[in-house]
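First comes the structure, then the notes that go with it.
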């Protein structure tokens, strides 16, 4: 009988997946493998020696522990904010505000936290990491929460559950897919957090990421760095596999609702959640305001300096040109990441629905996440030893910056989009098919509108991540196309009051650009398909 | 005419549907009736093209193998509606018309017409989230009917609703199907619903169709013990056992509907082991001497309590012959 | 237009783009570190005069730069490199990154700083890492020597960078090694620790956040920075608010060299000559906060007052630094517990 089945066929899905996987192979797997191989170049002895050292495993332990602690704090702080975004009317500004920390250069945030907690140390590292990542939790979880049918909660309440019980027994399980996604992303960000750890932890609290940097850049110890890169890679794969197993079968069909139906003024105990959410937002905003205030320390001198190239020409571009560069590069990176991320998500959802072994789907899914968990230093140096084999010698090309940023942004797009796409009831698609919609039309009429909000949200989020990306960008960018974070990093590293004021003014400018972009997306969301 | 022959669907090693044949003439309604898990929904989905199977599904003699879901022109109504949450009522109903490229004016007119038909005139701009369960099913029905499907497939269309609403909507649904002259295949586990909606009923069990016939025929002559039990016979026994009521011995198997035995001055005695209140009578379970456990009815007034000794009389109208009498199958073929 | 970039890049990856160079390409790629800067007018004059286009490619600090050169030595990413300093020079030379070229300009001063006799690296500029002080915050009682810094008078006033994570931090450690010798430097650091020295991970934090003489107005009036830093902290009266202690300096020398396997070696040599020429050397203080390696180049006015070149800074042979740095850092860590 009919071999034509619902929707896309697995073969087509695999063809889809080939594009992002190919990108990943060329711009991630190959360079990383090349660097690790170089480390083994002088024989495996050097690598084995590093692996045999107790200090290496203490590094692994501390890296994972600080990442886990940071993730826990980010999740706990992010949940009430997600509640605000999902359930409380008039939270558009909150949605924009939580994005701002993400673009701040780590050196600036690190200095701010050092001023707050002068002794630095583990607590400061964990708090600073969480500060950056609350937005990931709030937006990812909030995006799904907004669509979770309120009536299941009401039903639990009617069955005698307290608000808290209703939350833990009904709402929380429904949010698990998004929570899992967000936690995985945050964990990877924290495990590879570099600037903050170096600044707040110094040489005392070192992670794999900072140690790889120091071994590579300060000690030129390539075998050591290769060994640690290998350990980092395996640790990340290990954590991702555990996460994938935990997530398995949790991304169930949910009864999704339009947000207009789920938003209302908080009642009773919900005020506590809303209050906590607002408290977290205030905590996020305080350092931001401090930075803005600081940028005015010398009057408007810092802002006037943005039109120039810093004290005695510290920069090769003006602050305003850097802002334009940032916007251009982030646009390219986001568009590329959207194409790759949507293709990957569609492929993963289609494969997940077909009778392909779940292991295959999870493997593809995990592979896409890896770039978040591997040191930018490793990837950056990897480019140098591989990309000259491609036509056009991309090693010195300006196009490398958006490509490298897209590597980081794509997994974020996938993580935001997948839970929503997976939670669309298959029968909704089937209903559309029986009404005459072909496979593509089904995607357009059902999946795109239902996931459109998440798509826009992930685009905005990815854009902001690209705007704020520092590690890979500072390594690859050319001075005449420097982005704002790179410029800020340079200004802070120079003496002179004007440079300092300009750095803080540039921070404010960067935050301003972020807010404008985020507001634009908010508007799009309201006007477009985004009623849902 | 929809004709299904030799249709089987397997999930791995499990046969969900085995070698099913049936036909649905134009304008008629066939109900697939069976307990949950009997494969009737899978069969429906295979007809729609949502499941892969072997065998053939033909429309007017043309085999639909290789025709994907969206080109079959078969409408489908799910148990829980599956309305598009991002579209309003009119947007849902108009969906199939948009897919078919129907001009806007015609589309609007058709949407209005169908909403009137299902009793939801004036609800066009409502958000689907604001609808009650019954309204949702009406919208789902209108949505499926709008593009004038060749066959309408209904998968337990009423079972998510409460009883009063279900009964009322069943009447409405029967009317809509009749008025629109729609050829339809209804999956249900409720024989009342099947008999209300359908011209003919196909009883399914364990992936196979056991009996096809008009509601009257199926009701009056269940083909085997299981079918009789599914249709409400509390006991199926050899007719000879009814001799305890003093009747002349009969041959074959018979099913006893609850109304077959009544509390009254009769030759069989027993003890009441359970009682259930029904709308206009009390249903008793009686451990009867010589018969074993049987159902019986009593009037609401002075119904015996559990533990009471009662006597039972036989009402021949509640006794159903079980097994396929030859004349039934001949008549059934004649209809086809 | 910009949106096309990723697509074009993908096309390149897919092999659709045809690589190939113009027959007479006189572009010289100058691989350098983040701090490289040049006066545009001076560069324009050079390019106009020679027909050479200089394309700077900056990445990271001196360590990252050296690493890049080592990793890409088989197929170098440029023609000439500038910015490898004396703490990394041995490594780059051992790896055979640079080709031999003795510039005619090298005899006019740079030769003083030569790493070895091979002529593969030529000094372009020198910078000194020195202790900086904020005299106002110290009430005029300014320390002068390494020894003064261990004086209880300056308890809890000194902030240094961790030599494991910071290049000025490493330079200051090397300075103490050069001054006190292999036997005495650890003991000196023990006394600094007892005197409340604070260790932070990077220059940014030490200078802009901890140091009282910068715009951050931090709590500590003594910091490890550069000899040139005071010239950036000039008050309304035109006088420097901070000062460098010229007896505590360690000299960092930045070198340039033509890369082995350069695509355009002849023009690369001309660019190296340009880096040593008087017009370029003159801009070095203003643009990169370092002193010219060439002799007889006039310093800007602000520098002569605020940042005179230390006369007898400490130095260590590049080969010693390469061989011992890791051990010194580890020993330092066990002493100070950074």
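Lettered A, B and C in written order, each chain numbered from 1.
The working rule: a residue touches a chain if its C-beta (ideal position, glycine included) is under 8 Å from a C-beta of that chain, and two chains touch if they have at least 3 such contacts.
Bear in mind the structure is a predicted one, so any value in this text is a computation, not a measurement.
K.L.:
So with touch defined the way it is at the top, what topology do the chains form here? Options are line, ring, star, complete, other.
P.N.:
Chain contacts: open path, no cycle.
K.L.:
Relative to the centroid of every protein C-alpha atom displayed, which chain's own C-alpha centroid is closest?
P.N.:
Centroid comparison flags A as closest.
K.L.:
When the centre of a chain is set as the mean of its C-alpha atoms, what distance in Å lies between subunit A and subunit B?
P.N.:
That pair's centroid distance is 52 Å.
K.L.:
Distance-wise, how many Å sit between the C-alpha centres of subunit B and subunit C, to the nearest whole number?
P.N.:
86
K.L.:
Averaging over Cα atoms per chain, report the distance between subunit A and subunit C in Å.
P.N.:
Taking the average C-alpha coordinate of subunit A and of subunit C, the gap between them is 34 Å.
K.L.:
Could you please specify the touching residues of subunit A with respect to subunit C in the complex?
P.N.:
My answer: residues 23, 26, 38, 107, 110-111, 114-115, 198-204, 210, 214, 216-221, 297-298, 311-314, 316, 328, 331-333, 335-336, 339, 381, 384-385, 388, 390-397, 399, 402-403, 406, 474-476, 478-479, 490, 492-497, 499-501.
K.L.:
Contact residues on subunit A for subunit B in the complex?
P.N.:
Contact set of subunit A toward subunit B: 1-6, 256-258, 260-261, 425, 427-428, 430-439, 441-442, 445-446, 449-450, 529, 531-532.
K.L.:
Taking the complex as given, what residues does subunit B use to touch subunit A?
P.N.:
Within the complex, subunit B touches subunit A at residues 7, 46, 48-57, 64-76, 78, 82, 84-86, 95-96, 99-100, 127, 129-130, 143-144, 147, 149, 153.
K.L.:
Touching subunit A in the complex: which residues of subunit C?
P.N.:
2-3, 5-6, 8-10, 12-13, 15, 17-19, 29, 34, 36-37, 39, 56-61, 63-64, 66-68, 70-72, 75, 77-78, 88, 91, 162, 164-165, 167, 170, 199-205, 207-209, 214-216, 225-226, 229, 232-233, 286-287, 289, 325-326, 333, 337-338
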